[in-house]
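Given below, in the form of structure tokens, are the structures.
Two complexes come next, and they have one chain in common, subunit A, joined by subunit B in the first and subunit C in the second.
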Partner chain A sequence: MKLKKIGLALLAAGVLVTAMPAAMAELTFPMLSYRTGPYGPNGTEFADGYADYLTLVNERDGGVGGVKIKAPECETAYNTEKGVECYESTKGQGSLIYQPLSTGITYQLIPKVTSDKIPMHSMGYGRTSAADGKVFEYIFNYPANYWDGASVIIKHLLDENKGDLKGKKIALIYHNSAYGKEPIRTLEELSKKHGYTLKTIPVEHPGQEQKSQWLEIRRDNPDYVVMWGWGVMNQVAIKEAGNINFPMDKFIGIWWAGSENDVRPAGEAANGYKAATFHGVGSDYPVFKDIQKYVKDAGKAAGDGKNIGTVLYNRGLYAAMLAVEAAATAQKMHNTKELTGAQMRDGMENLKVDKARLEALGLPNFAPEINVSCANHGGPGLAAIQQWDAKEGKWKLITDFIASDREVIDPLIAEDAAAFAKENNITPRECK
Partner chain B sequence: MSPDLLNVLEVILNGLMAGIMYSLVALGFVLIYKASGIFNYAQGVMALFAALTLVGFQTGQVPFAHVINAAFGTKLDTWGPGLPTFLAIILTMGVMVLFAYLLERLVLRHMVNQAPIILFMTTIGLAYFMEGFGDLMWGADVKTMDVGLPSGGSTWLESVTAGWAAEGSNYRGMYIDVLDLWAAGVAIVLVISLTLFSQYTKTGRALRAVADDHQAALTVGISLRTIWIIVWSIAGFVALVAGIMWGAKSGVQFSLSLIALKALPVLILGGFTSIPGAIVGGLIIGVGEKLFEYFIGGMIGGATENWFAYVLALFFLMFRPQGLFGDRIIERV
Partner chain C sequence: MFYREAGDFKTSYAADQQTFPIRLDRHMVWGILAIAFFVVPFFINDYWEKSVLLPFLVWAMAALGLNILTGFCGQVSLGSGGFMAVGAYACYKLMVAFPWMNMFIVVILAGLITAIVGVIFGLPSLRIKGFYLAVATLASQFFLVWLFNKVPWFYNNSASGMIVAPERTFFGIPLTGANSPSWMTYLFCLTLVVVFAFIAHNLIRGRIGRSWMAIRDMDIAAEIIGVPPLKAKLSAFAISSFYIGMSGAMMFAIYLGTAEPTEAFGISKSFLVLFMIIIGGLGSILGSFLGAAFLTLMPVLLKNVMVNGLGWPADLAAHIELLLIGALIMFFLIVEPHGLAQLWRVTKEKLRLWPFPH
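Right, the complex of A and B next:
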């Protein structure tokens, strides 16, 4: 009798163990985040937004198509070597998408994710020509890339100058790194088209001392200063611009130089500073009520809740939303709940987020509509301009989403992607 | 005068001011190295920690709030409107003294008679510990440093010098940040105070005795442990001053610890054991790197300041390995 009972128990345990994988099915979205080190303040906000949205989907909707999302977090400290280690240590967990939040890490992971068939989404950073899906099968950078950002900034300046920038002087102050150098070629091409003169002024990492650069700007007295900075470089630049009385409404940063962290240390002097953005600002969207209810009030927020609604929190949330939508698309396409990296790639290539969908997600008009395709991994390439109101202590959108200059950017993307394909013996795939 | 010449003068002036800022960081290194032979890798992090603590007191932040909240489900944030700046500075100094005391009790006394490289590695560990501890205690967000110091271009200097250039040259006048002038004033007061302290006080003389010869100082009854606490406390004070000045420029955030990188060439050039050396070294590095960037930088792509400071320091190293004002290295067989 005893033996029979033991046998039954073993059988039951066996059935349970066999049934486990199905019951425990999860979609794994590893988070290569950085909450420590010199760029920690920015990395924390993005990571909180990313994690909170995934928690919301798990808590409110029961996951994607009923499958919960697992988001193992690995600290990169914005260090490329650590980022690669994080990738290697998490890729075996059934990982479906990587968002490394670092151009350096992105460059290192491009060959790795391609060979491992795991898609990587470098949203608004990374290698710009990855927008060419024929060459970069597993890399995506929608909804906008650096060259879109540069072009949209110039378009905004054109709008301010009745379509004429001839004879204007524009200075680009940039982080002296692969990231900071990304817009130079585009701005040079656009200067030929629009007749402005471009001066490039590099700032060495981390950018705590910029006296020479701002003395140079003061001497040259350009009409506009465009900034490609990150971390402490932004805060110092905005402060120095205020010190030399450079008009803040003529100082425009890329979207990585447009967070609350960048402007607050300069106080009132930062009033009027502008930055590009590819998503909405603030927390006046219905989704934040759900975040409050299902995430923050439930004690499941990734941080202390202070960051909710900040620029970088919203960006993290947006990145997570796009990943979730891509996973849902992939599930429908392949009629399966559990996904592989290749299937997730298909979901990302067929991602469509229109106005109605944004509204349904509680994010009405938060971002432009997105249509990704096999050939176009870069999305619509639209961006808006936001401006800092120091009195109210918040960013305000001052333009609609503006289309970038495809006439200039598309040939640059094609040229750079072709060069990459040649260097790496890649035969561009056919896209129907 | 030609605008070009005035521009060079402006670059030199701003180089001197930048040099003072570097010296403020270098002073902390010198104090500890002079008294204990330890190259304190954690000096930059000490400046960060002191600045974080000061802002925490000023804004009434509850220390370890997010750790407590996560552990007990509380919603602690601030305990009130915060303290007046002067009181916050005094309390921060108290925290730095407490830090020095604990460091001596828990770490340094166990390291007596260890090789310099072991002590150096200890300070590397200390730097990482303090960075994490500061994060836990005050959070990682960027904070605004406001101790009431004025900043922005000096309108007086600008208006006075605007007329120096030839008419029609559109010269706007010389630029200097008022905050830098304050930093220069603070550095001068700091150096004079430290010199007077070491020359004319009993404790100061004891510090010099320990710096000269540990063994001899011990034999005349000077407590090495007390001296270490005093030295690390003074270095903590210097770190607080550096943290205030640099934090006022960039906000208080974790990259503040990287200001130590700007102090290294100053130390190599000025010498690790000389307080005046830290000042003169800072001035030479500041002016040298700014002039190089002005005249040569543009031809070679710019952003030369970080590496040129080290090249300049290495150049001096070839002729005076102990630095301009460092103690002469005498090896006897």
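Right, the complex of A and C next:
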């Protein structure tokens, strides 16, 4: 009996706590972040950037169109079950946009957000074919997706080899999960077109053990190694590459394998390592002065302020900026201050961030122009290559933003989206 | 005073051998079931469904399965995650291949397929015991997850290697997929768990359960008195895997809707199930439920109290939650090394004598 009473008391406490009042006159951008677990160091930087930008908008501009943004944080630890729990616990609070920063959680939530009519923005991750807005009404992955990333990396290699990759050997070392497997199909298609041979080498989660993979790479001696890694896997891979003296400038990571966290542990050996990116690096943008003034100096920074200007912090900031811009667009379109998920979706579908707007936001030339439409949820698909300078401890952009190979990627997206639509009995909607 | 069997007379063998011989126990079980079946479905919402009740039911099923093997038959297994993966992938392949099939049948067939796989991986148990067997079953965990990653046939060549449960209906109401109402998925899982918990409870009391326990307590002695170890051990592996396979199928099809092998069915899941039965109580059906409840509901409760109730930052709460769960596990194991079920048993004993303990 005693136990039962305790149980009942606990249950009652649970009911009281979960029955939260709905938010009033606020825009809710729930943060499904992760600051713990094997991917915590990366998740923290992104979350700090995201939270700080929202704080900045609240403090400097008084919110979006005068409505403050609320960003309740929920810890997912990069775990899908916790991600679902976080989603269910926050979706009733008038949530407008989800950015889970995990391909696994994104896959999990795609059907759920669609039926709850809340948009989800998986910026540079998630399901690539979500770029097809006719099938994936509520899912967005602008400004670039994994297949763009793969294609841009290959284009960069083409540039380096005077447009000819025939007979070259390229190895893909990837996180053995939905995330890591995404680029394989594109790289295979591109290998048919450009005549290189592709070898895929999986690494098991979390990726601390890669001795055999790098032994294989040393034996095969590929011309280039492309990496789809995340978290500790990147650090280990870069260290191992250093150990086998693999030339770092022939080792290229996707944008999730290109942060300071990934290269610092390898020290000097990481010098010259390259990674793709879809936004600018460093903190030489006017917006960072505002962040210093309104957020950090005011003691409102999400973290300890050490992360400001890192690659992933910038990415979080960029994600938050796009969300805020979309909310502002939606407010204008529907002539309302408070938004619903469907209105937010319209805002995202009509999102335009051009050069002038970027400059006004204090981020001149930070990223390519974005033009989302009803049919194209994937944005421009441009990415640049950045290179690590170990002496200065800085990432540097070494190319302009390169366009991906649409002629290969578009059919792949259409094919995958059609397969999804068929599996789930979705009739693709008409786009004007 | 509250809990006693005095005056509870049995006048027939049937009454004496019923599943819950003590009247009060029986009434309590019926009461809980009545609330679970007839009250909860009217109040359930998405949050309670996806964060509290479904995880609890799914893990309770897995814990039941492992408890049969480890708690009753004494064979330590670290392969539960792999067997759940078998259940999930079997369920996916069946759902895709036979769209018309009733989901109850799909889940049970997925369990049967897992049972066959379980028997195969249970073969080493005939020669090795204890920690060595744990290591051997660990191999199944890694092999199975590797297999589902490696062979595209299992995930129908999807680009990401993920499996996604297509929408299936039950009497016209969606049961899987995003449009399924909460009460439907809840009742589906509840029915399966209740039915199979009842079956497990009776299996344990019967010949087969007694042969498992004989093997557990001393296998040589059991063999001498005529319990065939081959049959007993392999049947324990089969039935245990059957339960775990069903829980994997439910987890994939009903609870999560999508799965990828490394994340959803990794080694941490095997340990989680093992911890559930250790904390709940080895060799106890009730213990499986208590352990599953402790390890699935406690984190959710702590998170809600700390983040929503007290307004703490999410990362701090996540760290404290890990500490607290660890501390609670140690506390319970020190206070009662035989698990929560034993705690309940002791409470019952005390209640019988209350208020005159001497």
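As a convention for this text, the second predicted complex is superposed on the first by the 408 of 432 C-alpha atoms of A that agree within 3 Å, B and C clash if a C-alpha of one lies under 4 Å from a C-alpha of the other, contacts with A are read in each partner's own complex, and residues count from 1 in each chain.
We take it that contacts are C-beta pairs under 8 Å (C-beta built on N, C-alpha and C of every residue); 3 or more make two chains touch, one makes a residue touch a chain.
Predicted, not measured: the structure shown is a model, and the values here were computed from it.
J.: Considering only the touch criterion stated at the top, classify A:P265 as touching first (subunit B), second (subunit C), both, or neither.
T.: first
J.: Quick one: classify A:T36 as touching subunit B (first), subunit C (second), both or neither.
T.: both
J.: According to the stated criteria, A:I139 is in contact with first (subunit B), second (subunit C), both, or neither; which is it?
T.: neither
J.: Which partner does A:K181 reach: the first (subunit B), the second (subunit C), both, or neither?
T.: second
J.: Would you sort A:L351 into first (subunit B), second (subunit C), both or neither based on which partner it touches?
T.: Neither subunit B nor subunit C is touched by A:L351.
J.: Which holds for A:V84: it touches subunit B only (first), subunit C only (second), both, or neither?
T.: After superposition on chain A, A:V84 lies in contact with subunit C alone.
J.: Tell me the contact category for A:N245 with respect to subunit B and subunit C: first, second, both or neither.
T.: In the superposition, A:N245 contacts subunit B only.
J.: Regarding the shared-chain residue A:I291, is it in contact with subunit B (first), subunit C (second), both, or neither?
T.: Neither subunit B nor subunit C is touched by A:I291.
J.: Between subunit B (first) and subunit C (second), which does A:P202 come into contact with in this model arrangement: first, second, both, or neither?
T.: Both partners.
J.: For subunit A, which residues lie in the overlap of the subunit B contacts and the subunit C contacts?
T.: Residues 35-36, 44, 176, 202, 204-205, which sit in both footprints.
J.: Under the definition above, what is the set of subunit A residues touching subunit B in their complex?
T.: For this pair, the touching residues of subunit A are 35-41, 44, 176, 200-206, 208-209, 211-212, 215, 218-219, 221, 231-232, 235-236, 239, 242-245, 261, 264-265, 267, 269, 299, 303-304, 306.
J.: Over in the complex, which subunit C residues touch subunit A? Could you list them?
T.: Contact set of subunit C toward subunit A: 2-3, 46-52, 55, 149, 159-162, 164, 166-167, 177-179, 256-258, 260, 262-264, 266, 300-301, 303-305, 307-309, 313-315, 317-319, 322, 343-344, 347, 351.
J.: Give the list of subunit A residues in touch with subunit C in this complex.
T.: By the definition above, subunit A touches subunit C via 1-3, 10, 13-14, 17-18, 20, 33, 35-36, 44, 73-75, 77, 79-81, 84-85, 88-89, 91-92, 103-104, 107-108, 111-112, 114-116, 127-128, 176-179, 181-182, 184-185, 202, 204-205, 416, 423-425.
J.: Using the touch definition from the top, list the residues of subunit B that touch subunit A in their complex.
T.: That would be residues 7, 10-11, 14-15, 17-18, 21, 65-66, 69, 73, 131-132, 135, 139-146, 151-153, 172, 175, 177, 246, 249-251, 253-259, 262, 290, 293-294, 297, 301-303, 305-307 of subunit B.
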